[in-house]
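Shared between the two complexes below is chain A, which has chain B as its partner in the first and chain C in the second.
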Partner chain A sequence: MVESIVSTGVAIGCIYALIGITYNVMFSASRVFSFTAGTLGMLGGVLGSLFIARMDMPVVVGFLLVLAAGALFGIVTEIVAVRPVLKSLDQHLYVLSTLALALIVQQFTAIEWSTEPQPFPRLLNIARGGFDQQFWLPMLACAAVIVGLELLYRHTLVGHAFLAIAEDNFAARALGLPERSLRMTSYALAGVIGALAGFAGGEMLLAYFGNAPMLTFYGFVPVALGGMGSNRGAVVAGLLLGLFQQTANFLVGGVFASVAVFTVFIIVLLARPEGLAGAAFQRRV
Partner chain B sequence: METPATQTLPSRAKMLGSASAFGAALPFLALLLVGVSFPLFGGGYWGVIATRACIYWVLVSGLNLVVGFAGQIAIGWVALLTLGAYATSVLTAGNLTPPFPPYLALAVAAAVGAIFGLIIGLPALRLRTFYFAITTLGFATIVTQVALAWQSVTGGGVGVAGPIFPEPFSSLWGFYYFCFGLAAICTWMTANVAASRFGRALTAIRDAEVAAEASGISKPALLGAVFMFSGAVAAVAGGLFAALQSYITPDAFTLDLSILFFIAILIGGRGSILGPLLGTILLTALPEFAAPLVAWSTFLYAVLLLVIVLAIPGGIAEILDFKNRRPLESERAIIPRPDLIERLLGALPDAGALTLEQVALSFGGVCAIDGLDLEIRSGQVHGLIGPNGSGKTTTLNVISGYYAPQCGAVSLNGAALPVFARHRRAHMRIARTFQTPRIVGSASVLENVMIGGTVDGEGTFVESLLSLPRHRRDEVMLRDTAMLALAAVGLDRLAAVRADRLQHSELRFTEIARALMLRPSFLLLDEPAAGLSADEIGRLGGLLLAIARAGTGVLLVEHHPDLIFDTCHRVTVLNLGRMLAAGTPAEIRSHREVVNAYLGG
Partner chain C sequence: MSMTRRQALKSAAAAAIAGGLAKPAIAANGPILVGYLPALTGPSSSTGVGINRGIQLAVQEINAAGGIDGRQIELITRDTQSDPTKAVNGAAELTRGQKVSVVFGPVNSGESLAVVPLLARTNTPQVHPCWVDSLTDPQKYPMCFRNAPTSQQIGAAANRYVVEVLKRKKVAVISDTTGYGTASVNAYVPMLKAKGAEVVYQGNVDAANPDLKPELLRMQSAGTEAIMPWSVNAGFLSRIINTRGDMGWDVPIVGQTTLGSGQTKALLVKPEYWAKVYPNNFRPVCYATDGKLSGRTSAFVDRLKSAKIDMGDTLLWWIAVGYDTPRMIAEAMKNVGTEPEQVVGYLNKLKGFPGVYGDISFAPDQHNGYPDNEVVMVEANSLRDGAFNLAPGYSA
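Entry: the complex of A and B
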């Protein structure tokens, strides 16, 4: 039993962590939290099922198409819901515009795809074992993203530019960095990561439009607790969240597990609004 | 020595008030008429739709204060509808207690709703917008899950029967009139609050939080009251909703419903009552006109939300705001009337002195202030000058309570000022303005100035809800004082104009008028002359001297040497956080180091 709690908990924690990283990548580039993070995860599952199960595409082709669709949705988010409201960041219009876009996609999916969870195909043609691919695929995806981002940020020029933008937007622009295209690239990258999370976790979460609000919430918990913009914090908090949720699920049952997660989330946030790892200082006057 | 112009001021305020009040009430009266006579031209099915619109509005009217006025992004308000629906149904069904009569059950549900409104709302005091939005969303999911799981009480997925209200409200139209009556009462109550000092304080929290603090508005107390009210009416709406549905299951309370409430407010326009009311009617009725659209309704609402946010952030209310589309005079001069200051401030008691002793503060390794002594005496203008980054604004922020000095003391007449209790400053009659004017752009100039007098109102939130005499007295008093303050700074002709249409210099004088509403013992001005023309600076100087003559101690942080040397009684010069010199203007002007470092030879 412990084994199953741990493998499920870690796997689902990896998905939360990936959605958390999706939030972070968008936030770093624009100082905007976008409601579309969970929608990206949902799209990963639904499109994966659509391409591979319904349209019978090879797994690799379906996988690449899902990532491309994620990148495309990321770019659309940037153009439609983020760029127009960036100049009035203090009015928080981004909360509304990204919410609207997320709802549009969710509702469209619900109507055109299905309002019921649909099965997600087995990705690798190997027999079901104790430690199944549905558990290790999300872990693999999470590890790949962390290593990939680390290499990107540390060893490439574009990565350095991302860091510069995240650190100080104005200074970066003054240095002549192409802020707008870097932001679009970030959103595309976030789109790929979010879609990957949904795709890798497809077998666990199924292809279901309702995953969007669920992931929007549970994906944000690691961001809030780990400190915004901190990917390491998101991974640690995501894994803890997954394990806590599965344990509570096993010990006290589904509903009370949700209540427990929510309560812990609120209490931690109220005690430390800047997250367990972060520190925020803002001059207001 | 009253001139005819000053005598007409309050009467002008009254005229302005009554004319616009009638114009504003007209659409509501029209809706009331349509609502009352609705059964005459609507069939049975339309009765259900109209009842539903009324019920939704009962909830939205309260949520409007949270979202539209206070600017808190509460997306998951359906949680309170669910709570109210189940509380009323379970109590009347007697699953948990002996059966309650429906009215009593509804009242208990309202109380439960008020408590939960507070619980759901409280995180808003600590959390930033997106965080708060997510927590309300989380609440909405949790409540539905609990309703599903707590089978012995809620019936789980099978559901529970809604309450049935006794005659005369049991028939379709009887129940409609019941809901319509409650909706009308909610409209009236929220309109009262919107037009009260509480409503203005909410918009100040939304658009100019630091100005709200400086005006003595306590965010926790105010938001707490609003969340409780909003929770209570939402729960009442839930009870009515359950009665209309006659049977409720957790499926009835989808997030779509929450989105509908939220979007109705934004489509209507923030800071308006009429707009969200029309928005609610529109969104409730819209799917009924085109049956194939029902499945797509949330999709369409979302599209509508995106369009509104990107194209008309002001919503329906902005489209209907004809008054503010008339062009303003282009050549406007601000002519303050220093002679009115005495009447406005009255006889201020001698407040003694505001003293800073050896105050030091550094950020990280950067030393912002280093051992500053400053004494602002009542009835004097004290200039604080120095190059950029010398610590002037930081000094002001220490006095206002934004920063805690690492050593040294800030005291008012010998008593230490509490650190961080920023809104307490207004109660001690310490007022301030800001380097960048902090104004509620969507409110009128008069309303902006009235915000400054918030602490002088005596009526409570409940008295404002019900428009009791004390509330009305407060309003008359604040309006008259604000008109006088506007006349004193020379802006009375712009009183009714939306503040975001004003020029920069006019905003500066608006801020001064707002600060004067406190009848301040001490007035802290952060570069009031920045962006003003030479003429305006001269008139500002005259105004400041009149304020000091009335007994107020003025701290003037400035860059303009003329203004400093013409108006100040004493001047302190800062450089790199240290005091370079202090003395009379004449001493400063001839101080060699000051001339070298700052003034130039």
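Entry: the complex of A and C
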């Protein structure tokens, strides 16, 4: 039982964490919570199945095409759903615009792909076993993204520029940073991470249009728990969420597992509204 | 010859009266308008697409044979797109705009729940194949008939198979969290208990949950001897089957027809995991123990093949129930005409209409026409040409 809780819990937690990071990367660049994050995860699974299982492409080619499609969808999100509402952030119109785009893509997928879950291909031709690739692939993807983002943000000029616009958009622009290009690049990067989450977790979640709202919802929990904009917080909270959810599945099961997850979620937010790793908000006076 | 104004008015009035009198005569020779509300697109369209093949074939055959007393059937189709709102709009247009004589469908319960009460107010006979129990009621909906089983009959057949044929007493009943799933569990668990079974596990689980091992371990530790899943979600059902296979547990799985669908099969980790999975189906469209269909069904399949109707991507019972519906109405209209009250009066006394899907009988206080004993369980892994082998334990 413990083995099953850990392998499935950590794997699904890694997928939640990656979707949480997807939210954060878009948020850092624009102060917008784009609800297309779960849609990106869904597209990772559906497009992976489309390219590799249905169109018989090699796994590597299919994988790269999925990441490219994720980047493209990220850029389209920025242009269509985020840029037009940036001037009125205080009205939170982005909630409507990003949700609308997410719903359009979700329904289009349902019509053109299938309303039934479709099989996701085995990515590596190795025998199924206890600690299977469906569990360790999401963990590997999560580790790769954490390391990659650390290297990007800490050791590259572009990464420093990302941090600058995340820290203070106006000051960064005053210093001559190309804010719009950086924002689009951030959305493309978020698209890649979101699609990677769905691709790595494809075998576990299947290629199913209905994964979009599920990932949008459960992917947001690590963001809220971990602190908005904090990738480290999202990873820790995502893993905890996955483990806790799986433990609740074993201990109480059925719909009560979801009730247990959200009870803890509410308790944590009541005790620490800024999230586990977030800084308390200070208002300038 | 000149004509006075009075003569002209008289002639015009006579022409108008003659025209008015002639109109019903023309209508009586014109086509019989039949409204049809299938879901041909959208999330629940697989059923509608299958049923549609049968309906179209039946209408073609009836018209080719001279129609109903020389009048052709004109099918006026409104695709509901699996959307109850569009189904309601379609029903309103068919009855008020097109003034159809009868309505077939909708073919999914969600749409029928919205349409049946509406049609009841329009004096239009309706025949649908939807399972939800409340979708017929001779008092509230006196013109609505069901030529398919109810949910009660479906659950009762599965329960009967588990308790009486497989002789399993400790049963786990699981569903997803949809309205259909939870309603099925709530209805079938008391029925199981009444048959003497012990329900050792009862649960509703989110269909998106990727790991059902905790649930199956809980069932196993409770001593489950048969798992009964009630869901139309192929992903959810395949996860139950896959988890059972990965656990090396040979407990039988008995339940919803989707257990035997191609979508469920496509999601199985290994084809052999489909063994000992028994979904609902219907005896007249199943292969008997000798591997053959009954004479009536076999002749029907030959007609489908000669009409080049594909059976590989759908289920035979969907085509069969579609095929039977226009034939049943045509028989009524041939005997008593097309007036709504006459058609309903005929159906109220219908006894053993010989459908491919099953023999249909109605009574004034019973508008559920499908016989109990024709609802059976089948071997999921025996699917060929849209039909299954009867599950082990049934007599030929």
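Here is the rule we go by: the second predicted complex is superposed on the first by the 278 of 285 C-alpha atoms of A that agree within 3 Å, B and C clash if a C-alpha of one lies under 4 Å from a C-alpha of the other, contacts with A are read in each partner's own complex, and residues count from 1 in each chain.
The definition used in the following text is that a residue touches a chain if its C-beta (ideal position, glycine included) is under 8 Å from a C-beta of that chain, and two chains touch if they have at least 3 such contacts.
Since the model is a prediction, treat every value here as computed from it, not as a measurement.
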**Request:** Superpose on chain A as described above, then tell me if chain B and chain C fit or clash.
**Result:** clash
**Request:** Check the residue A:150 against both partner chains and state whether it touches chain B (first), chain C (second), both, or neither.
**Result:** neither
**Prompt:** Of the two partner chains, chain B (first) and chain C (second), which one does A:206 touch, if any: first, second, both, or neither?
**Reply:** second
**Item:** Which superposed partner A:255 touches (first chain B, second chain C, both, neither)
**Value:** both
**Complete:** Winner on chain A touched-residue count between chain B and chain C: chain B
**Message:** A:12 in the overlay: touching chain B, chain C, both, or neither? Say first, second, both or neither.
**Reply:** second
**Prompt:** For A:1, is the partner it touches chain B (first), chain C (second), both, or none of the two (neither)?
**Reply:** second
**Asked** For chain B, which of the listed stretches 21-29, 147-155, 345-353 or 525-533 runs into chain C?
**Response** 147-155
**Fill in**
Where chain B and chain C land on the same part of chain A: residues 111, 214, 253-255, 258
**Request:** Quick one: which bits of chain B touch chain A in the complex? Just the residue numbers, please.
**Result:** 71, 73, 75, 122-123, 126-131, 133-135, 137-139, 141-142, 145-146, 148-149, 209-210, 255, 259, 266, 295-296, 298-299, 301-303, 305-306, 309-310, 313, 393, 397, 400, 402, 434-435
**Request:** Going by the contact rule at the top, pick out the chain A residues touching chain C in the complex.
**Result:** 1, 4, 8, 12, 110-111, 115-119, 128, 204-206, 208, 210-211, 214, 246, 249-250, 253-255, 257-258
**Complete:** Touching chain B in the complex, chain A uses residues 33, 80-81, 84-85, 91-93, 95-97, 99-101, 103-104, 107-108, 111, 213-214, 216-217, 220, 224, 253-256, 258-259, 262, 265-266, 269-270, 273, 284-285
**Asked** In the complex of these two chains, what residues of chain C are touching chain A?
**Response** 41-44, 177, 203-211, 213-215, 217-218, 233-235, 238, 263, 266-267, 269
